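So the structure is just underneath, and the comments pick up after that.
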Amino acid sequence: MQLTCHYGCNKMNELITSGIELMLIGMGMVFSFLAMLIVAIKVMSSTILRFFPDMSGAQNAGSHHGDDLGTIAAISAAVHQYRLKHRKKD
Amino acid sequence: MENLTLLWESTGLYNITGPQAIMMAVGFLLLFLAIKKGFEPLLLLPIGFGAILSNIPVAGMIDEGGILYYLYGGIKSGVFPLLIFMGVGAMTDFGPMLANPKTLFLGAAAQFGIFATLFGALALNVVPGMNFDLKQAAAIAIIGGADGPTAIYVASKLAPELLGAIAVAAYSYMALVPLIQPPIMRALTTEAERKIEMQQLRVVSKTEKIVFPLMLITLTALLLPSAAPLVGMFSFGNLMNASGVVDRISKTAQNELINIVTIFLGLAVGSKLSAEAFLKMETLGILGLGAIAFSIGTASGVLMAKVMNRFSSTPINPLIGAAGVSAVPMAARVANKVGQESNPYNFLLMHAMGPNVAGVIGSAVAAGVLLSLIK
Amino acid sequence: MENLTLLWESTGLYNITGPQAIMMAVGFLLLFLAIKKGFEPLLLLPIGFGAILSNIPVAGMIDEGGILYYLYGGIKSGVFPLLIFMGVGAMTDFGPMLANPKTLFLGAAAQFGIFATLFGALALNVVPGMNFDLKQAAAIAIIGGADGPTAIYVASKLAPELLGAIAVAAYSYMALVPLIQPPIMRALTTEAERKIEMQQLRVVSKTEKIVFPLMLITLTALLLPSAAPLVGMFSFGNLMNASGVVDRISKTAQNELINIVTIFLGLAVGSKLSAEAFLKMETLGILGLGAIAFSIGTASGVLMAKVMNRFSSTPINPLIGAAGVSAVPMAARVANKVGQESNPYNFLLMHAMGPNVAGVIGSAVAAGVLLSLIK
Amino acid sequence: MQLTCHYGCNKMNELITSGIELMLIGMGMVFSFLAMLIVAIKVMSSTILRFFPDMSGAQNAGSHHGDDLGTIAAISAAVHQYRLKHRKKD
Amino acid sequence: MENLTLLWESTGLYNITGPQAIMMAVGFLLLFLAIKKGFEPLLLLPIGFGAILSNIPVAGMIDEGGILYYLYGGIKSGVFPLLIFMGVGAMTDFGPMLANPKTLFLGAAAQFGIFATLFGALALNVVPGMNFDLKQAAAIAIIGGADGPTAIYVASKLAPELLGAIAVAAYSYMALVPLIQPPIMRALTTEAERKIEMQQLRVVSKTEKIVFPLMLITLTALLLPSAAPLVGMFSFGNLMNASGVVDRISKTAQNELINIVTIFLGLAVGSKLSAEAFLKMETLGILGLGAIAFSIGTASGVLMAKVMNRFSSTPINPLIGAAGVSAVPMAARVANKVGQESNPYNFLLMHAMGPNVAGVIGSAVAAGVLLSLIK
Amino acid sequence: MQLTCHYGCNKMNELITSGIELMLIGMGMVFSFLAMLIVAIKVMSSTILRFFPDMSGAQNAGSHHGDDLGTIAAISAAVHQYRLKHRKKD
């Protein structure tokens, strides 16, 4: 085992320690950043929906691939609903 | 006669080295994958051809004065990956994520693939022939972000010598998402979980879509400025599109500009597929670590979704957690497809788009963390 | 623990300065004006976002190696404004001006806004806190030309330190043309004058449209070569379009190329909206002088039209004089609209396009004069 | 007043003088340049209309925004003419 | 008063030199040829305008800091001609050549125009006032390749001082192909030969079209690596199109990107039309040699076809040999037209496309030979 | 003649020799390269047609100007055939 420890085992241990530290701090940062983003989004959405409700209307939003997928999903869901009803009648 | 000897000595046959020949073969392999197997052809075709051109002896296309040398300047400066990220931002619709913001946690969880791989790369130093310092380990780990421009941007800053292998691994595994993810997703979920139907998403207003990129860049500026170039150009592209007032430049950013930069970026990445840089034990390590990164990211996303499902009032199908790695929109499609295997009337696509685009933000944030901690 | 401190010290919150925060707020204000108020969004949206990105602490996006630093190279070299001017040239139809060439006098008169403002800027030196040398005064004065690329080109040559404020002022006032001009136009004209109907314009032949840009560059070369870069690229674009033989490159110049350069130019202008450069007394002076420049230009155009009306055999509606400031085609539309308030069947639009495009030439010529006299 | 003269009053006077000079020369240049352009255009147009009359026909000219405006204006003018006639009949 | 003198001394009239005036006239002549005579307007219009801009006194648009100086950087580095070659590759269909590969011999034979002209240029040294060294002779000879980007690329490497004259000659003679070729073609063939009908071409599979560019770059890499930049970028463009999997970037390469680069390349070539570089005895030599090169190339192609006809089992109409000079697709159309004069039902167009595209490869190969032998 | 030999006649002779040499080697290279390309194409085509015949079908090939010309030629040829037949009947 000493043989494979070609960096020097002290060096190796140091790297492993840094690795663990980076993993913890890194995931911590990512989670706390995105958690704060969730809070910010919720505050924003409720503010906009309460104070600027008229402006809602995603129709004109310049979205591209998302909307198409949305349309497909909506149609598919409708078909699904229809079939479910149909079955119950049988 | 003398001239004929000179001519012979100027041929590629006379000058080619074994490693160059192997690298040209690698280039042909990438072209085969791109053209016949449909592996991310928009990137792998230029990268593969760039690999061939880079390894032509005598021609010196990657030496100062050669076209690939000049094109690489666009990567070295960070301009190309950032412009691609801007175009991707303009193509992204944050609607599904804004309708269900807790899916951001899935985009966060999937980044564990990055940090676990960082640790793995450092641990690989025990294997003889593998030597990764902290910068290199971080550059490799970012493959787990499943986001090409982010990986190239980070690699160009931290470990340009590995850029070729990292870019090839990132795009190859993104192409392999439909093969890598499903077994992991099935192994970690029960049939009942895969059948979970989710509530329909509310309609998101245009104003929310306009305010979101501004909020995103503000938070980034305040908390993680090292992620500002990536997140900033992405938000800028997204705002151009969401605002609806600058359609002509938004469309150019999504089409001609991103296409031009893609051609240049692909060829320039190929220029880092020189024999000296690629034909090393380390490349095998990078390819292995990349696969691990994707798998761990997928698993983390799914497990996070299962955890959230316990605490959430509304049901969450754990399959959409796998979309948190990003790889937009491939990973979301995979989630939808695997879901329909269990319940053919379960339409997870839009629900999976939330974690999917959250994953893009997540990996840009992770990139910022790495760039700020590792100097 | 040490790492956590390091992390905190790498945040924007720890590093941000008051002025940076203010400049980011200025960026958001520009975005608000662009998106909600429709102020020249094609330019002010990228400029506003560029202002935000430039003032993010730690990220260093305007420092050497940052993307905004590289993009600014396109302004510093003059290439971006000149390419935009080429595209604008390709979009310009000189027909209405060639049909009624005396409208060129209106385009000349409106440039008095530039030179009066130059004088004003120098006079402002009596106010404490305002220090404008000749170069800076000239760069500010060109705002009165109501032409974005010309203003940016001149500012980049004479006073790059003021470029951010000048560009913001120029585009803001161009957006405000419908508010600034009408009161001045009404104050300087009588109801009877505003009702004047003009003779229909003759049809201009294709040959005239082809020969005109060649004549324009020739005169410029002989008389005012310092205006040759601006007038030359403009004439080149115009010739590409008018000749009708190079449609594919003419269309690219008018669309994709100008769009790409607009994105880059906007972001790069934003990079000059750093706190040190913008948060000065001088900026207030620039904003004030810009408003004066537009007003004087408008008034001069209208008054010139009144004078010409006395000596002309065919009637001239003085309102079209206001279009001489350029701001194509906004100022021409304003002239048409104000005219229709007095006479709803008076269609001044085409008549106002003459002085409007003449104003573009006029301000390029004025720019040439300033560049040749001020060294 | 001496106080606000922070550049030194000589310096200030010099700047004002330059300002006036620039204004005169500048406007002079702009006017004479555009006046020459008017002359040149008139000579050109009459030459072309006299010697190359066949080539006239702005239809194919590669103009873009101008022509559209022209069309609108022409239609509007026609409508105006029509209404004027109509009124006279009443 | 002093200022007025200064102003006068800053005019073009005061500063212009005789040679500059002549060169501006040359620019106008090129514009006339481009617009009224339809001589390759996509290139000659920008080149002509560039010639005018370059020779405007005082303006210094070709000096360091001027826009034409920066644009010329794209030629000096080889990037512009190579990007155009990539776009041309994407527009090229090798189908007709692959269906009848022996037409490659016609593309080879026509390159004799290049090498005969090289000899001619060296022989011209006996004329007083003409001094061409080996590099210059080779750069001139490449005009015979009838391929603009190849000629510009070689000239920029071997004799940049002659680039302006060489580019102008190359594009002018390409425009003159319908005038230069027919008399030579008629003189060297009998009426019976011109009536020869050829067998219909077989359909070429998509796989063959994909494999061909890969084979081409491999052969080039092994045998003539000095041709690799040209052949490589050409093959890359061709593969993007033939593969059918990267349509969005292939279309951009064929349209917006090639258009943008064409504008820049044209203006930048114009910047080499300065009086010192162009107004020399040598320019006359270049123009004369260029005409000879085209004529010899045409003749060689036709004669080769006649020789092949003797040994071939299937008939070959010698007219298609003339298309071997390249000048795609003009030369192929000329072959078709001359053929129909003798037999109105003889459709040689597709048959002539084979040698036509073979000629592009042939001249890139010839360029590689010259670049490798002449250092 | 000595006069026009301003490069020095040795120099001139050298250049002429280089010119001839370059011409021979150059044309040799071009011919042998393209000849090899012909061989390679023939090998490739026969290999593909024998072993991957299903993949043939140039319809989807991303060709642009060539195909249009092909269509025109094909139509023209058809018209020609028709007229030939027609004549024979007369």
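Each chain carries a letter (A, B, C, D, E and F) given by its place in the written order, and its residues are counted from 1.
The working rule: a contact is a pair of C-beta atoms (placed from the backbone, for glycine too) under 8 Å apart; a residue touches a chain by one contact, two chains touch by 3 or more.
If you want to know which protein each chain is, UniProt gives these names: B, C, E = Oxaloacetate decarboxylase beta chain.
Predicted model only: the values in this text are computed from it and were never measured.
Taking the definition of touch as given, a chain qualifies here only if it contacts subunit A and subunit C alike; those chains are B.
Any chain touching subunit C that also touches subunit D appears here: E.
Set against the C-alpha centre of subunit E, every other chain centre is closer than that of A. Using the average of C-alpha coordinates as each chain's centre, D ends up farthest from subunit B.
A straight line joining the Cα centres of subunit A and subunit E is 54 Å long. The geometric centre of subunit A is 16 Å away from that of subunit B, both derived from CA atoms. A separation of 41 Å divides the Cα centre of subunit C from that of subunit E.
Note on chain placement: the centre of subunit A and the centre of subunit D lie 56 Å apart, centres being C-alpha means. Those residues of subunit C in touch with two or more other chains are numbered 3, 7, 223-224, 243, 256, 373. Residue positions 25, 29 of subunit D are each in touch with at least two other chains. The list of touching chain pairs reads A-B, A-C, B-C, B-E, B-F, C-D, C-E, D-E, E-F. The part of subunit E that touches subunit D in the complex is made up of residues 3-4, 7.
Across the complex, subunit F meets subunit B through its residues 21, 25, 29. Residues 4-7, 12, 15-16, 18-20, 22-23, 25-27, 29-31, 33-38, 40-42, 44-45, 48-49, 52, 55-58, 60-67, 69-70, 72-73, 76-77, 80, 83-84 of subunit F are the ones touching subunit E in the complex. Within the complex, the subunit E residues that touch subunit B are 77-79, 82, 210, 214, 217-218, 220-226, 228-229, 232-233, 235-236, 239-240, 243, 245-246, 248-249, 251-253, 256-257, 372-373.
Remark: subunit C residues 91-93, 95-96, 98, 101-102, 104-105, 107-109, 111-112, 114-116, 118-119, 122-123, 125-128, 131, 134, 137-138, 200, 203-209, 211-212, 215-216, 219, 223-224, 241-244, 247, 250, 254, 329, 332, 345, 347, 349-350, 353, 358, 361-362, 365-366, 369-370, 373-374 touch subunit D in the complex.
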